[in-house]
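The following block contains the structure, expressed as structure tokens.
Chain nomenclature is as follows: A, B, C and D, assigned in order of appearance, with residue numbering initiated at 1 for each chain independently.
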Amino acid sequence: MKYPLRLGLFLVGAIGLAILYGLAIARMPGEHESLYGRLINQLSQPQQHIRDAVTAVNFDYRGFDTLGEEFILFISVTGAIVLLRETYEKKKEEQMDAITPGRAVSQTDAVRTWTLALTGPTVVFGVYIVIHGQLTPGGGFQGGVVLATAPLLIYLGESFEVFKRVTSTPLIEITEAIGAGGYAIIGIIGWLAGSWFLQNVFPLGDQNNPSVFTGGTVPAINLATGIEVTAGFTLLLSAFLQQTLADRGDS
Amino acid sequence: MSFDVNTILQLSVLALVAVAGTLVVLTRDPFSQTIGLSFFGLMLALMFFILQAPDVALSQIVVGAVALPLMVLLALARIRRQEFRREQKKGQEEKS
Amino acid sequence: MHFAPFPVVIPLLAAALLTALSGILPRRLIDLIACLTSASVLVVCCYFVHVTERTPIVYWFGGWAPVHGFPIGISFVIDTMGAGLAAFVSLLVLGAFVFSWYYFESIKSLYHALMLVFLAGMCGLALTGDLFNLFVWFELMSAAGVALCGYKSEETGPLQGAINFGVTNTLGAYLSLTGIAILYSQTQALNMAQVGASLASKNPGNVFVLIAFIFIASGFMVKAAAFPFHFWLADAHAVAPTPVCILFSGVMVELGLYAVARIYWTVFAGALEPYAATVRQLFLIIGVLTALVGGVGCFSQRHLKRLLAFSTISHMGVMTIGFGLLDAGALAGSALYVLGHGMVKAALFICAGILLNRFQSVDEFELQGVGKRAKWTGILMLIGAIGLAGVPTFGNFFGESKIEDALDDLGLSWLDTVIMISGILTAGAVLRVWARVFMGWGERRPDQAAGAPKIPMQRETEGQPDRTPWTMWTPAFCLLALSVGIALSTPLRQSIESAAHHMQDVGGYQTLVLQGRVQFKSVPAAEEHFPSFWRELLTAAIAAALAAWALFPGTLGTAGDAAVRVFCAPLRPFRAIHSGRIGDYVAWFIFGIAAYGGFLLLRAA
Amino acid sequence: MTYVALGVAAWLFVIGAYGMVTSKHLVHLCICLIVVQTSTYVLLSAIGFRAGATAPVFYDISLSTPAVDSVVQALMLTDIVVEATVAALLLALIVQIDKRTGTVDPNKIDLMKG
């Protein structure tokens, strides 16, 4: 199809789409209190002892959505590994030889010290965000991504080899599967112990003095999510990094 | 509609989001686009924060402003290097 | 403890397990676990079909039953239609696993993990009763599908097919999500029954309901390959690995239409009651366009898998007509058609896979005559081609009969012709390929197919190509036998008929989910008659004649040449719009939404 | 305010699609797809927002404080994960396409013509 034709088709369509979208917006109620949201906001603390209502929705009321979401992440990581696998499987050995061992960028000692010094706090920060999911904003997902950047700091500070050792793929893959599978297993525990899949069957803890353990299954699911996200994003980032570096070697 | 400080703040961050999004689309060079994407991600996070969604804002910072642009950059670095090598090869062929 | 989460949770868990143990498990054990998982899902879903004929199952995850009649959790609402579809999904996944027993080298267990997650996504889509949950499973299905499509990433074709697939389907999913968000803003609910009840009582006939419907439906129609959202399908199915094609064509695409139907009947039917006639017109237009474009595309291909892909598009058009009539009988027809077509198409894709395995090609002209060495495959393919025409006692014959019955009742008999043309073109194309490949017939005039893409393909297996392992042809044989056998069973047809009535019973569904009471309208006893018995035979005969003419175009002399020119006239614009370029597809997508949305709004105003 | 946000959502959808249609680089196309997706975030957050309401985190505030809708925020969280993972999958495809075909121009990738 010729380019002007394509553009014309799109412009006609875009005007139509904008009109449709605009008409829908014009009929939407402005600011209003949502019934669903209010119910959850009111119920999450008395029922589940969870202070952050968003976490309650994510890991309890609509926890089944999040199970699907975790597996979208899981399968995208698997898919990306399958797609980029040439470096992983067939040419693995050649390319491992070809990668010039050494530093990521020509770093000064100051840069090294700083990046390595940052790794510890990053990990602590990530873990903090993961485990306080049901109390304050944050949770397994947000903390997990923070944690996944820690290996990158190692790469920046140290060398690709150390990075490679830290993110040794089979181990991380197993961790990822444990995280995703763990979510499902916690659901199954509820299924067997109670009667519903993902039922919150663990002790809820003290409602008035919430700690990182209050909320029954929520902290457990939160942790599983944290593990899954950390491992998943580490795998993704290291897969792309390997693509970039593997090629640098043989040119 | 009263124009208090909050409303002005909200409106300006929305305007920033719209402008940043447009710039991201209209930037044709993928490298500068990635920088734009990161900025756009930050603006979105700011917007979530102002619209009382701290959980989402945190996610958006770590994903939209850091992890995603990082992945794009790594992919681009791979593609760029490939292009460079192809051009080199072409140059050599032309010489010989 | 109830089995409702089983079809989703167990495959997911098995996928995680296989990934975790991928380094340790031998290939055969992985195959076995995957087969057992899908077989167990099949058994559970068949059990659901059995139970839900009387009482559909409502299952609240986490035990979050509605508070004061307002749903705060996510529900699975398993009725016979959803359960039957999930059972069909697991059957095809099982077939695909058996087929891939000796199939291409698996990278550890990743292929199996992808397929199992794909299975879970499709089952979740079929069983869920929550709008956002539907979106989640839809995305899960797409993500797994894209990865599977590009699985052979050392070739160019699969990569291009996968990116076209991924981009268009993701765009469609976001549009659906936009529609879901618009509905949420009005009803503040995500449960389908709740949204439906709220819309019907508060906003019947409101414009925004129409717009939300067109957004959600367009998103899912991308998956259902409706014109002009269908482009990705031909690209993706042409290049995906054969076992994946079985699932793509056999059931994934149909699930897109199922999602539209499910959402229409649970969410929109009440509120859009005043516009039912317009909605019907819209889907009939979409169906006719899709059926014709798919048929033309199918006949003009030389690449066997792409040819089959276009045939799927054409048949999707017929199913869309069946749904679009908004009639229980026609919906039952579409459901039967999904079963019959899915099995036949899966068998045909398996034949293509066997050819690719033995002769390293699926190109019609390259393969001319070589099929004589694989006569059993030839017989399977011939049966499949005849089945595709909708010849009596195949599943799609009964489906077409029901749809045509409903068309006659509504005074739209002329649409029978469209269904017939679709059958003639698709069956004719497959018969043509069969005759050329397995009988060696046909003039060597590849210029006929000038312009049709010739995508390079590589074998998908290791090892000796001159024998076809039994695990490859057995699934094809079983599916063909089932396609004939299953549809002949009258109880099954009645069960589908009542499933369609239940699916369209808006009030019954809402009472069931929101109040927990079973109160479905009684299903009228349907008398079956097959108005199209002779027409279907005629379709097959014309298809054979068309195939013969395509093989020997010279026999009709100059008159024939003139006819060829007439037939080839639509090909030029056809090839121009099927450009393989993602930018064009996006432009068509946006244009399609505007066109269909505009039609709906202008007719409704 | 809500309507401005809704308008921004609509704008981002259309402009993102425009970028996809006119794109000459697959990575650019992928980023434009991300922009289309962000339109759904803006839409959802606008739907959940109420002036004067706080975030739905009742750590040190009482339950009776008016708070914004927590459900849409949970939906957005899911949405963000979907965005990142789908983008990762597409980027992996693009890297591989570049290796095999030597181009990332979507207009030169037309093996499937016709």
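Quick note on the criterion: contacts are C-beta pairs under 8 Å (C-beta built on N, C-alpha and C of every residue); 3 or more make two chains touch, one makes a residue touch a chain.
The model shown is predicted, which means the values in this text are computed figures rather than measured ones.
When every chain is reduced to the mean of its CA atoms, the largest separation from subunit C belongs to B.
With centres taken as mean Cα positions, subunit D sits 28 Å from subunit C. One inter-chain figure worth recording: subunit B and subunit C are separated by 37 Å, centre to centre, where each centre is the mean of the chain's CA atoms. Between subunit A and subunit D the centroid-to-centroid distance comes to 16 Å (mean Cα coordinates, whole Å).
Per-chain Cα centroids separate subunit B from subunit D by 12 Å. Among all residues of subunit C, those that touch two or more other chains are 132, 136, 139, 143, 146-147, 150, 153-154, 178, 182, 185, 188, 190, 579, 581, 583, 586-587, 589-590. Among all residues of subunit D, those that touch two or more other chains are 1, 13, 17-18, 21-22, 30, 47-49, 51, 55-57, 67-69, 71-73, 75, 77-78, 81-82, 84-86, 88-89, 91-96, 99, 107. In subunit A, the residues that reach two or more other chains under the touch definition are 6-7, 10, 14, 17, 21, 28, 34, 36-37, 40, 52, 54, 62, 65, 69, 72, 76, 79-80, 83-84, 86, 137, 141, 236, 240, 243. Of all possible chain pairings, those that touch are A-B, A-C, A-D, B-D, C-D. Against subunit D, the residues of subunit C that register as touching in their complex are 132, 136, 139, 142-143, 146-147, 150, 153-157, 159-164, 166-167, 170-171, 174, 177-178, 181-182, 184-185, 188, 190, 234-235, 238, 300, 306, 451-453, 455, 574-575, 578-583, 586-587, 589-590. By the touch criterion given at the top, residues 1-3, 6-7, 10, 13-14, 17-18, 21-22, 47-51, 55-59, 63, 66-75, 77-78, 81-82, 84-86, 88-89, 91-93, 95-96, 99, 107 of subunit D touch subunit A in their complex. For subunit A in complex with subunit D, the touching residues are 3, 6-7, 10, 14, 17-18, 21-22, 25, 28, 30-34, 36-38, 40-42, 44-45, 51-54, 56-58, 62, 65-66, 69, 72-73, 76-77, 79-80, 83-84, 86, 135-137, 141, 210, 236, 239-240, 243. Those residues of subunit B that touch subunit A in the complex are listed here as 53-59, 62-63, 66-67, 70-71, 74-75, 77-78, 81-82, 85.
By the touch criterion stated above, subunit B contacts subunit D in their complex at residues 1, 6-7, 10-11, 14, 17-18, 21-22, 24-26, 28, 30, 33-34, 37, 40, 44, 47-48, 51-56, 59-60, 63-64, 67-68, 71-72, 75-76, 78-79, 82, 86.
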